[in-house]
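Both complexes shown next keep chain A, but they swap its partner, so chain B is in the first and chain C is in the second.
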Partner chain A sequence: MSVEAAPAFRPRRSGLTRFVSAYGQEIVIACAILILFAVVSLINPRFLGANNLNTIISGNAYIAVAAIGMSMIIITGNIDVSVGALIGVLATISGTLAVAGYPVWVAWGAPILAGAAINAVVGALVAYGKIPSIVVTLGMLSILRGGLVSITGGAWISNLPPDFLLAQQRLLGVPAPVWFMVICTVIAFLWMRYSAFGRSLYAIGGNSEAARAAGIPIERRIVEVFAIHGAIAGVATILFATQLQIIQSTVPPNLELTIITASVIGGVSILGGTGTVIGSTLAAILFSAIGAGLIFVNVSAYWLRAVIGLLILITVLIDMLRRNRETRQASR
Partner chain B sequence: MTIKKLLRHETILAVLVVLALIVLAAQSPRFFTVDNLLNQGRLMTEVGLIAIVMTFVIVTGGIDLSVGSILGMSAIMLGVFWKNFGLPLELAIFLALMVGTLAGLFNGLIITRFKVPPLIATLGTLALYRGIAEGVSQARSVRGYPDWFYVLGQGQVLGVPTQLWLLGIVAVVAAVILGMTTWGRMTYATGSNETAARFSGLRVDRVKLLIYSASGFAAALAAVIFVSRVSTTRSDMGTGVELDAITAVVLGGTSIFGGRGTIIGTLLGLILIQALKNGLSLAGVKSDGTIVLIGAVLILTILISNLFHRDGTR
Partner chain C sequence: MLKKTLVALSVLSLSTGMVQAQGTWTGGDDLPTTPLACDGTAATPAAKEYDGGVPTNPPDRAGQEITVVDVPKLIGIGYFDATSKGIAEAAAEMGNMNATTDGPTEANIDDQITLIDNYITSGVDGILFAANDPVAIAPVLKKALEAGINVVGYDANSEPDARQWFVNQAEFNGIAKAMIDSLAAEVGEDASFAIVTSTFTTPNQARWIAEMEAYATECYPNLQWLETVEAQEDNILSFNQANTLINKYGDDLKGILGMTSVATPAAADAVTQAGQCGNIAVIGLATPNAMKPYVDADCVKSVVLWNPVDLGYAAAYVMRATADGELQPGDTEVEAGKLGTLSVINGSEILLGAPFIFTKENINDFDF
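Entry: the complex of A and B
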């Protein structure tokens, strides 16, 4: 099997062209981030202050981390609309344990294990119950969201022990969430590109019949990838829940859609089979940069979502035009 | 064979609805009263209108995640046209409906012209339309509509809530179109095998454009009713409605892959969800517990339905 992230069977070209064509979406987003930083800092130089940069990136790091797992799910041709609710549930589990006086590693480890366990059930329903993932996770969304509020009664968790607040700690002047984001992205990228497991995800999403014929145990793989996605959502939860002194029983509205959007803008095709997690992480950074940028150039933050929506459409349209052109070239 | 299968899922669902009604009526004497049932119909209308058209969308193998945002945007535009532009309310309502329809048409154009998967296209417009609603309204609400406007959302005609008549008419028209007309058959053909439909000379793109426009129109109509019912406009109106509507449609037996589904099924799904919400709250279960149950019912119904159809293609 080829180790190219992009479709195989293309004529050999120079290294640079191949790189650009394989990572087109990632390069587009990286350029978008650079242009945005350049424009905003010309208008307001304070934008480039180290403190501001740290805030921009670390506040949204949990979205980038969650988008890593989401990208794996989407690459296999599935989707998870329940991850926002899952993060809410896991945050409450983690906070409750921390307040109850358990050691901090238990409070940090529990959401990772619980996330893996819950999503393994989802994966089993998808793989063995033969229910489309959007239906299972739609149901799961209701179950988790409703379950969370009926158990907590909407109460906030406060009095968190200071050493629990991982997201507020720094290493070498860089906030912990940024470290987590970078390390998780690099590991996931290498693992998906070079390990047999990672390659099999692309194979399942690209052509599941062919993958089955090649001997990939699809059902087991789907359960496993959902469990991994749940564990990564657990890591994202820790970054999300330890930002403030309190944990609310709600998560930002439409969090799941923000995470899916980061994956998709990052170049993960919703049809499965292509994309990398570097793109999704860059997309998450781009979101928070746009949000902060709007404030620094004095545009009302109420327009943020419209700007993001427009950006999604433009990215997707460019991507589709490129894809259509490539298919036409390939079919010639 | 297919008709048998269709019947089977809907029969399971109908049995579930009847069981739920019996159990809930036994739990609380206030549940099975005419007043309560009519009131529940009133609350069901907004999601219902959207879910009925969503059935068409999903039967074509598509999905429309932007309906909640179209609802919010149309509601805000209704307020802006009436209050800020000083237009007569009748005209403002008409323009708000147009805004929603155009938003739906825009979805359809992205999907058909650029071949963007519906999930992605409407995910983008979900953010865009909600963003426009937030940007235009700047978190301000519009209140103080004339009294006649509230008839739509709060009044009654012949003892039945006004909007329930509307829902009934839309449901009948939709059921006839999907079940008995060429348009309906073209919808099924598009969903079961788009390539084959294209080669058979069906104008697939036109069918889709029409359906996504109708979806936008339904969301805008729901917005007008919503504003009339709660007497105010807010930019966060209709957040999450898309998931409620999709849940009702899928619960009603429409295949998320397209090609299969009926309006009757969707209506049964809607009724089951609303009955559970209301009946359980009357029986003292908190509304959040009910949401859990709806999620579980969704997964279990599809699972059971899949077990029965193990011989089938999916």
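Entry: the complex of A and C
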């Protein structure tokens, strides 16, 4: 059995059918975004203004970037509930370095390296310690959150040097966070689709025994993918920390859940083995489009949570149904 | 005939619905409001009987060294660092109070209840708290009272009978007046504005907004409220929501009111990055440190708050007076160290004083 066999769980069909079946969730979300834009802009044409498009697409960019790493983790059959706290810690590290007068590339590079290092430890505990990832990362969540509060003493970081504020930059009129989101998503998608490393992630999550039999060094892969996820969280941190002129010592409540939700609604199976980062990025954009859309059509923001909750249930339900069908087909 | 009646009824219900839709401020609560006089004449406090709780058989703590734990909504934000600093300052001044601060790392009521429960078990003389939820916190505070512990709240109240006293940082109508007065002074008495708040159900924010509506209706009837948006306690979401308001209303938007210390700086940043400083005023509740960049850049002119260091300081003095038996139900005032005499309002609350407005001239005198 080769590594390539893993994503090809689905029966082989031709052309369009295969494309739709492979990228069903991504297509559904892309359509949802288009329909949303069409409906809201009919009610209020200002919704399509350039500034508003920038707000919507860049508003959740750091969530989309963080969801790339999260998707990799979930695809291997693991989970990370500490990423929100990690982003908070990395933002404080980055901001502290910037204020202390280090060159901005140090302040930007530090969260990427620190994120990789911290999560490599998490990965090692999961892979070699054989502790379920939810347990390790729950512990990590408390450590990081508590550590952040005791080290910063709750002080916010202000007086950030202007050239540190990367997320406020624009290139060709497009905000930097959008560039980061698009480039990271495309690279990660291609890498996971075509490289042996990327494909092995699907194999591990799809059937770890088969992956081991195929010669994939599962333990090492888990450590590596956690480290990569940490580095990507570092990139997300740069966008998070440089959007405003101050850095809070607290992170948005339930940030990790928002990131996991983007992955799951984007089509990454919570059971591992399937999904792409295109889906999670589209889902992050969908969230901010729903949020802005509700304001534009004068509907209470309460609906945002209800709508996202409904999306989660539907997505997971469809995932379960598909898996049942595949199991039945396989046993036939 | 029946048909006509039905049509008339449905038209009537539709139109009242629309009137309500126009007259309703999303984000305010439905409790009765008591707007202050437009010219600032102080209201005479209505006499009200003590409605706080009473601890069961507390030991005689008069003049004794007491151990007090302070459980704010959460730790790790500038605001509760400042209250904690005030408590420590007062404790050091008095010399016979051991005060520590311990709170949840997120504003989570379940964590807060667990924490208080642990301190009841481990045995303390006094509990200072700022409630994440006024109703949900009541049972555990009553348990503390039953264990003979002195319980005093500050910043965010519980149900009155679940604690002895509550130190009120500013009455809701006082803050509401300061916010609306600052807004009208900056953008004119007939401008349009929007609000960024945490959630529609957060008790303090909902109360302020309701009082702001009442005060504005009375004193600035031509101010136009556009809408209130929720942004949790999330800085990036607050930034996005403020941007969305700017995109939606364009030139019609003259002011944004931030109702939390997270939303106000984020809204100021949105206005700054949109290049709208001077066109859109940002006024709000926030800590001075977070607002300094925007105030120094002349993008924000008024930051409304009280002094949280004084709030913690007063709470510690009220705790001491309560433990000593010097502050009894029915009293009308209490001595609070350097703050002088504070008055008792609403039966069992102690008012800290009028709100404080930070401006470019004074903001750099503060560090919290």
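Criterion: the second predicted complex is superposed on the first by the 301 of 332 C-alpha atoms of A that agree within 3 Å, B and C clash if a C-alpha of one lies under 4 Å from a C-alpha of the other, contacts with A are read in each partner's own complex, and residues count from 1 in each chain.
Throughout what follows, contacts are C-beta pairs under 8 Å (C-beta built on N, C-alpha and C of every residue); 3 or more make two chains touch, one makes a residue touch a chain.
Note that the coordinates shown come from a computational prediction; the quantities given were computed from them, not determined experimentally.
Visitor: For the combined arrangement obtained by superposing on chain A, do chain B and chain C clash, or do they fit?
Guide: clash
Visitor: Name the contact category of A:158: first (chain B only), second (chain C only), both, or neither.
Guide: Only chain C; A:158 stays clear of chain B.
Visitor: Looking at the overlay, what does A:145 touch: chain B (first), chain C (second), both, or neither?
Guide: After superposition on chain A, A:145 lies in contact with both partners, chain B and chain C.
Visitor: Touching A:97, do we find chain B (first), chain C (second), both, or neither?
Guide: neither
Visitor: Figure out whether A:132 sits in contact with chain B (first) or chain C (second), or with both, or with neither.
Guide: first
Visitor: With the two complexes superposed on chain A, say which partner A:89 touches: chain B (first), chain C (second), both, or neither.
Guide: neither
Visitor: Is A:168 contacted by the first partner chain B, the second partner chain C, both or neither?
Guide: second
Visitor: For A:260, select first, second, both or neither according to whether it touches chain B, chain C, the two together, or no partner.
Guide: Touch partner of A:260: chain B, not chain C.
Visitor: Report for A:283: first if it touches chain B alone, second if chain C alone, otherwise both or neither.
Guide: The answer is neither, since A:283 touches no partner chain.
Visitor: Once chain A of both complexes is superposed, is A:316 in touch with chain B (first), chain C (second), both, or neither?
Guide: A:316 sits against chain B, while chain C stays out of touch.
Visitor: Could you name the one stretch of chain B listed in 187-195, 223-231, 259-267 or 295-303 that collides with chain C in the superposition?
Guide: The answer is stretch 223-231.
Visitor: Output the chain A positions appearing in both contact lists, the one against chain B and the one against chain C.
Guide: In the superposed arrangement, which is not itself an observed complex, chain A uses residues 145-146, 148-149, 253, 300, 302 for both chain B and chain C.
Visitor: What part of chain C is in contact with chain A in the complex they form?
Guide: Result: residues 26, 74-78, 80-81, 105-107, 200, 227, 229-230, 232-237, 239-241, 243-248, 250, 262, 265-266, 269, 272-274, 289-290, 292-294 of chain C touch chain A.
Visitor: For chain A, which residues count as touching chain B in their complex?
Guide: It is residues 79, 81, 125, 129-132, 134-136, 138-150, 253-254, 257, 260-261, 264, 270-271, 300, 302-310, 312-313, 316-317, 320-321, 324 of chain A that touch chain B.
Visitor: Quick check: in the complex, which residue numbers of chain B touch chain A?
Guide: 63, 65, 110, 114-117, 119-121, 123-132, 134-135, 137-139, 236, 239-240, 243, 246-247, 250, 256-257, 286, 288-296, 298-299, 302-303, 306, 314
Visitor: Can you list the residues on chain A that touch chain C in the complex?
Guide: Per the stated touch rule, the residues are 44, 46, 49, 51-52, 55, 59-60, 62, 145-146, 148-149, 152-156, 158-159, 168, 240, 243-246, 248-250, 252-253, 288, 291-292, 295-296, 298, 300-302.
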